[in-house]
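I'd like to ask you about the structure that follows.
Note that the chains are named A, B, C, D, E, F, G and H in the order they appear, and that numbering of residues resets to 1 at the start of each chain.
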Amino acid sequence: MDLDALLHDVQAGTMSIAAAKAQLKAAPYLDLGYAKLDTHRGLRTGMAEVVFCQGKADEHLVAIFEHLLNTEGAILGTRCSKEQAELIKSHITSHKLYYNPISHIISTKNPEDKSEGQGLICVVTAGTADIKVAEEAAQVCEFFGNKVERIYDAGVAGLHRLLSHVETIQAANCTIAVAGMEGALASVIGGLVGNPVIAVPTSVGYGANFHGLSALLTMLNSCSNGVATVNIDNGFGAAFIASQINRLACQAK
Amino acid sequence: MDLDALLHDVQAGTMSIAAAKAQLKAAPYLDLGYAKLDTHRGLRTGMAEVVFCQGKADEHLVAIFEHLLNTEGAILGTRCSKEQAELIKSHITSHKLYYNPISHIISTKNPEDKSEGQGLICVVTAGTADIKVAEEAAQVCEFFGNKVERIYDAGVAGLHRLLSHVETIQAANCTIAVAGMEGALASVIGGLVGNPVIAVPTSVGYGANFHGLSALLTMLNSCSNGVATVNIDNGFGAAFIASQINRLACQAK
Amino acid sequence: MDLDALLHDVQAGTMSIAAAKAQLKAAPYLDLGYAKLDTHRGLRTGMAEVVFCQGKADEHLVAIFEHLLNTEGAILGTRCSKEQAELIKSHITSHKLYYNPISHIISTKNPEDKSEGQGLICVVTAGTADIKVAEEAAQVCEFFGNKVERIYDAGVAGLHRLLSHVETIQAANCTIAVAGMEGALASVIGGLVGNPVIAVPTSVGYGANFHGLSALLTMLNSCSNGVATVNIDNGFGAAFIASQINRLACQAK
Amino acid sequence: MDLDALLHDVQAGTMSIAAAKAQLKAAPYLDLGYAKLDTHRGLRTGMAEVVFCQGKADEHLVAIFEHLLNTEGAILGTRCSKEQAELIKSHITSHKLYYNPISHIISTKNPEDKSEGQGLICVVTAGTADIKVAEEAAQVCEFFGNKVERIYDAGVAGLHRLLSHVETIQAANCTIAVAGMEGALASVIGGLVGNPVIAVPTSVGYGANFHGLSALLTMLNSCSNGVATVNIDNGFGAAFIASQINRLACQAK
Amino acid sequence: MDLDALLHDVQAGTMSIAAAKAQLKAAPYLDLGYAKLDTHRGLRTGMAEVVFCQGKADEHLVAIFEHLLNTEGAILGTRCSKEQAELIKSHITSHKLYYNPISHIISTKNPEDKSEGQGLICVVTAGTADIKVAEEAAQVCEFFGNKVERIYDAGVAGLHRLLSHVETIQAANCTIAVAGMEGALASVIGGLVGNPVIAVPTSVGYGANFHGLSALLTMLNSCSNGVATVNIDNGFGAAFIASQINRLACQAK
Amino acid sequence: MDLDALLHDVQAGTMSIAAAKAQLKAAPYLDLGYAKLDTHRGLRTGMAEVVFCQGKADEHLVAIFEHLLNTEGAILGTRCSKEQAELIKSHITSHKLYYNPISHIISTKNPEDKSEGQGLICVVTAGTADIKVAEEAAQVCEFFGNKVERIYDAGVAGLHRLLSHVETIQAANCTIAVAGMEGALASVIGGLVGNPVIAVPTSVGYGANFHGLSALLTMLNSCSNGVATVNIDNGFGAAFIASQINRLACQAK
Amino acid sequence: MDLDALLHDVQAGTMSIAAAKAQLKAAPYLDLGYAKLDTHRGLRTGMAEVVFCQGKADEHLVAIFEHLLNTEGAILGTRCSKEQAELIKSHITSHKLYYNPISHIISTKNPEDKSEGQGLICVVTAGTADIKVAEEAAQVCEFFGNKVERIYDAGVAGLHRLLSHVETIQAANCTIAVAGMEGALASVIGGLVGNPVIAVPTSVGYGANFHGLSALLTMLNSCSNGVATVNIDNGFGAAFIASQINRLACQAK
Amino acid sequence: MDLDALLHDVQAGTMSIAAAKAQLKAAPYLDLGYAKLDTHRGLRTGMAEVVFCQGKADEHLVAIFEHLLNTEGAILGTRCSKEQAELIKSHITSHKLYYNPISHIISTKNPEDKSEGQGLICVVTAGTADIKVAEEAAQVCEFFGNKVERIYDAGVAGLHRLLSHVETIQAANCTIAVAGMEGALASVIGGLVGNPVIAVPTSVGYGANFHGLSALLTMLNSCSNGVATVNIDNGFGAAFIASQINRLACQAK
């Protein structure tokens, strides 16, 4: 909304007071009753709204996909169950949708289509069981147009597996470190690189991992600099901020 | 260490095997016995080692300052008590040191000397009691050469105080959101801007804030995108990663 | 029980000591053995007993509904599963019962019958997944005769969605703020309005939300005034106290 | 701000666009740099800003008192230490200030001056050690113009002490139940009265009370209806919402 | 083992050293390999071993029942699933076994056979959902020969339901107070009676009850005297110590 | 209060209705304003009110001692600091008061006067640092007229120290097991004796003892039967219920 | 890698610089993309990599077994479900694999084949329900070539069951103490023996055991010396370090 | 005690039954009333009793030192404050005692006297602030006759500092890894060596380290094998079990 223009229009009499009031109060979202789709988010933050599928009622989910596809053209849904993916695909015929059962992402982007993204984000995991979360992160990064390098199963129990990839990690604008159990991976990477590390604790483990609390506390207390943390298992959240960082790095000021 | 050069030298016979072995094993740090100063960190991560003063024995603290000043020329110490600051100043005569009693930072940089930094980092606090942590963040950012804008006491209890600064915050490459109590500030800022938000929970509050746990959980569970979190009261940690992000934004690739 | 009358009757000899003792000790409840229905609660607190269905044995549940319908005429059961609802309906033929699968409420009140209630209570949610809890709150408010305004999916990630409804919220005698994840909604509303806000944390979220603990702590530590909190997912509890507040506001003293 | 009037003025040409823009963006607060005093809060919420003294720097504290006294005429500060009270009194000569060492409140209102307030709020404590928190609640209620009845040391270990005051409690528009240790007081009162109960857990106790967590959980899980909870030791918060409720009850709609 | 007799026998030569050593080291239990049945516990503590069925392998469970029935004649198993009860019954033909689906107890004692026990233990519950735990307690007490009085659904939300039974509770040698949610029942009873109260927190409730933690902390922090607490949902444990207390009260010294 | 007598008096006209009403409502406590001394507790529970000194204001503490000494003749105060003890002694001249700096008990009973009590209560500690809590328990037991046997520093790290006292412990009507760190003492004693064990976790230890949580959980989860637990460091609470148990054992029914 | 030899080869010109660089950076693991098998772990730590089956995708699991069997010849997988065991067996025909449904171990070693191992490790459990974890420990110890003695169901509730095996336990080079509920077993054993005790808390129990937290804290706070703890239910972890200790004891230095 | 010999003596008549009974019941400890010194611990576990000084009353502490010095000749006290050390030294003149203010150890062993110990234990710290705990560990190891190698300030933030000492660590029979903050050191060392690692979490750090909980959970959840953990800040406990392991390694079987 252009405040200057609006006020000029009012001053000039080309806009009525009622119309001006309406615009000043206009909500930049699409109100479906049960949901208020934030269609101006793309303008405000530079990245479109992403649908968190988990827990949404079937009719709401389908309707949200339809509305956003109409207004945005592209879409990405996270934490989408196989059943939800089939439901959505059976209702949406206007666009081709791809579902990845490891990342639980449904999207208009073909995950196999590895067209060159910009910059570089490294996604590293400590173990094989962390891949589910890591793929959510990696595929979201790719959806937002970033180039991604995956380095999986490189935890500190066998440090040489990580050290042999140090140069790749150092070349990235941002690294996403995904680890469960004791979560030491983020600290080790933080000590090796000079660019930001976004740490994702996972709930992988058992017993005193307390569903990811152990890895979360490890990452928050990292003795390495340049590490910030997102919620347990929140691959999407890490990807979002990593994409912001990589975008900044790719744009000269 | 230039591995190619070293191996060429060995091949050429200009470096003995013993010398090569020594270099290959050489520790790139200064071993004081009780501390191993990581003097190559500047090379590795682009930012020099910072001294965490709290809990260090007096003689260790003074010696570490002396060694780092000799090798680096500049220094910054965090969580430095008034007593420690006086001790250090009484021993170090080679350099002028400045101590700020609010941020508890001692440094070779005059905090009053507001020479123009690069880019822009916004430091926002929810309340007045969060300023201590915020100043640690702001002064570290300035030490590392970033331009900083401070917006203090702009918490969500009076939302208009924050909304009137939205344009400034949106202009920053990175925002540091510092808040105690319920810590909602980070989510609100995250919803308003398109660049990364580094959230710093503080221990400000009482009762069920559990010494910062409340704000920490709020920030980790932010419903806004683009928010990552550091440890409770860790202004330094936020400043470090924000500096990395701002540096990336200021350097065209 | 009229103590004066009783003692006069004893003095006058029109009531025996045994009868007086019996009345003085009489329990104002209906004892079913496995349950003591508090039939005087309506007199004592102004609102009849509501049945918490979850965990009750089938025969107990049916019998409690029968007894309360006989003594009260109207009934409301919360946390009623679909199976329990069908069981109750198959046994109760004397009254028409309505079951709402979103709120899990069974009641003699038709939720579609939006007859005008008194005063105004606003029920606001942060996200779509919070609607289940919000509907429990809203329908309980309506059962107790309050007018309710619903504003759903207005969380702080897109603040403009909330700000466009400020006038409605300010007009309410009491607002029920329902939010999971980081639960910042209650603080933001608390800063915008002058009447009480009852905050309901929900278990919506994952990871470090710890099943609602995150939102609960946020709400308890609200930096805004005029906010009090009920148990996680306790829509009924919020509705009960909001109804008390709205009733007070509608009755001149 | 009267939006209609402003736009009419612009339309009529009696207000310049620049002036209109300034007003539309004007922050309704007094910016002291280190604090943004929310001077419009009285308009927005009906109750003026209260100063939380704890943790504020001396010069900030004095300046905030001076500014608010200038703009508001009356003031109330909570969690004010004896040293802070003396400091403030030594700087403020324009107004008479009263300090109460039990409630730690400093205010322009003489706590001994028991002029008749409106309505009725009951403040009940379980034990003698809870009085400190209860007095904060009671004196804040009185500052905001409410009539207050105190019933102290009436915990459930000797139930007859509470039962002998039931009629007083039932007459109140709102009851503030203050209890530490196991905090059962709120549930018992909630079962006896028909108006809202605001529960304040206190940190009184030791061991497995975990600094008030025990009483907090008790109150959140109350089996009685009509109970909502504020933070541990938060007498002010309880008083604020109780004042809102009592004000609603005293104003016919 | 009679140490005097043994040593006399060795001195007299009527017992070999080997035999004496064997006796001195003999383990007073029946070793099944996977279990060491403590058959001397009856002698040592006055009450026979009770079988905790949950989690035991089928063949182990049946064999333990067979061995104990052979050596003890009577048996009681707690936390026995319906499937386990059917399995045991199908294998044990030497004794009649009774299974109660509410208490999950299997036993040689007919729970319907209410032969007169000694003394008096009161079992009180706050709500209907606590009956499962209370019946485990009550039936164990009856198995050990105690007279039991049940008072169910007498929680503090309707205090008159409890107060009408005070005389019965005061007559008991020990009261078992069973409550979930906020667990205030134990404190209220503790304030009313002069004999010991054994408090059993239950996991009944939701949200911030944290699976019984809320009631547990309430009971541990009881402001009433004469209250001691057992594990969450541990009806058996409460019954055991209550039986010990009632036995002491029934035996003159 | 004799209800029969009162009603007869009303019937007979020897008591007015007003007088009867007054008695029926009379609160059996002494109201000091800031405290309601429960002077009928002795009648109700068989043991007089004990003063919890910690946290009480000086003038309140002295007044409570004066009032209770007047009405009860004997007194016992727990958690009394050295300063409080001196204050009380300087004001109370009517009675001789004894202060024990280890147990922090002040009382009219000379702790050195070991007159024979009834029955037997054993107080056992795991270590020397637990003696403070154990002495609170032991001296309270003695104040209430019980015979006490102390067995200190008999923890499970050197099991033979405990086993050599088994016969003494088995002879007691009740054992109080006082232990910090891992708190295993209660389980071991529970397995050796047939009478009730009251377990007192202490805050002795460091690190992952979490101020007594470790010992508390150990005791609540005891695999031995006949163990019930009181709050951390609550020697008084254990003594109270142990005294009730011992009294029951000493009185034939 | 022989650094001397490599450098000599470079010096002598028999190895190119490129080849030397490759070797210096070579990763001693087998990279399957989704997993980096640490095939040099045997060389580095003396024990081969063990497969943690839980949570691995079917195709990954089979492939890892195939690769490790090819390179190592022997294999051991832990936390292997019955379904996973059948899957693996149906794909692997080159080697005979054994599956134990109690320990959930799949291995090339026949658990029935009790060939004599070296040294002695004792595995002791408190109860029957702890056997599952204990068998994981015992079978892993046997896989690594240690002699194992099992002593099951010897918890502190019947101390004589443990004491009758003291000599066996004292003879072991290391004891693994496996216990849930209150976990006191480790402390008792620690006080009886002079060699290391590795404590394994289990999640056996209910209520305030908090899924093993109770036993974990007990073991960490052991008042006995010579006790170190592994994660809840981590029989494998205990077996690994016990095997290291027993190996050290069997090898003269 | 030689059971065979005793019984033979009884059989032979050379020992009376009374004497035999006395010996069979004799407690192998020195009973001081307030403490039972476990003087046979040396025989039972191979290492003498160590005095935990913290929290002991002055007269108890001095007496315990005197008694143990008399019976053992050597002594070591941990967690000894400077005041306690001076007190002990002023009373003990029979032996020379050394006090180290960093480790807080008082002992008959001169810490400067680095006589050659047996085997090798490595003590590694992550940071300088962990040295206090590490020195407790190292000096206890030396007191028990082990050779110790110290490697301090080698945390994962600068991995090269640790990697340059790998050979030394690999040569040790046992490594003690001491780390606060995120505690990743233990996992990294565990992945590099083949002998046991005893992990000591420290309380070094702030905020979400929760006084050592963060490092504790990290170490318990280590993805590396061969790691077992002791209590937070428990340098002594780690030294004790490390000494047992090193002793086993030094003694051929």
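One rule holds in what follows: contacts are C-beta pairs under 8 Å (C-beta built on N, C-alpha and C of every residue); 3 or more make two chains touch, one makes a residue touch a chain.
Keep in mind the model is a prediction, meaning the values are calculated, not measured.
Chain centres here are C-alpha means, and the one lying farthest from subunit D is G. Per-chain Cα centroids separate subunit B from subunit E by 59 Å.
As a whole-number value, the distance joining the C-alpha centres of subunit C and subunit F reads 42 Å.
With each centre defined as the average position of its C-alpha atoms, the distance from subunit E to subunit G rounds to 38 Å. Spacing of subunit B relative to subunit C, judged by their CA centroids, is 49 angstrom.
Within subunit C, residues 157-158, 192, 207-209, 213, 216, 220-221, 225, 231 each touch two or more of the remaining chains. You'll find the chains touch as A-B, A-C, A-D, A-G, A-H, B-C, B-D, B-G, B-H, C-D, C-E, C-F, D-E, D-F, E-F, E-G, E-H, F-G, F-H, G-H.
Touching subunit F in their complex are the following residues of subunit E: 44-47, 50, 119, 173, 192-198, 216, 220-221, 225-232, 237-238, 240-241, 244-245, 248-253.
Subunit F contributes residues 25-29, 33-36, 38, 40-41, 54-56, 60, 201, 203, 211-213, 216, 231-234 to its touches with subunit D in the complex. Looking at the complex, you find that subunit D touches subunit F at residues 128-129, 131, 152-154, 157-158, 160-161, 164, 204, 206-209. Contact residues on subunit A toward subunit H in their complex (touch as defined above): 126-127, 155-159, 181-184, 187-188, 190-192, 205, 207-210, 213-215, 217-225. Against subunit C, the residues of subunit F that register as touching in their complex are 3-4, 7-8, 10-11, 13, 17, 20-21, 24.
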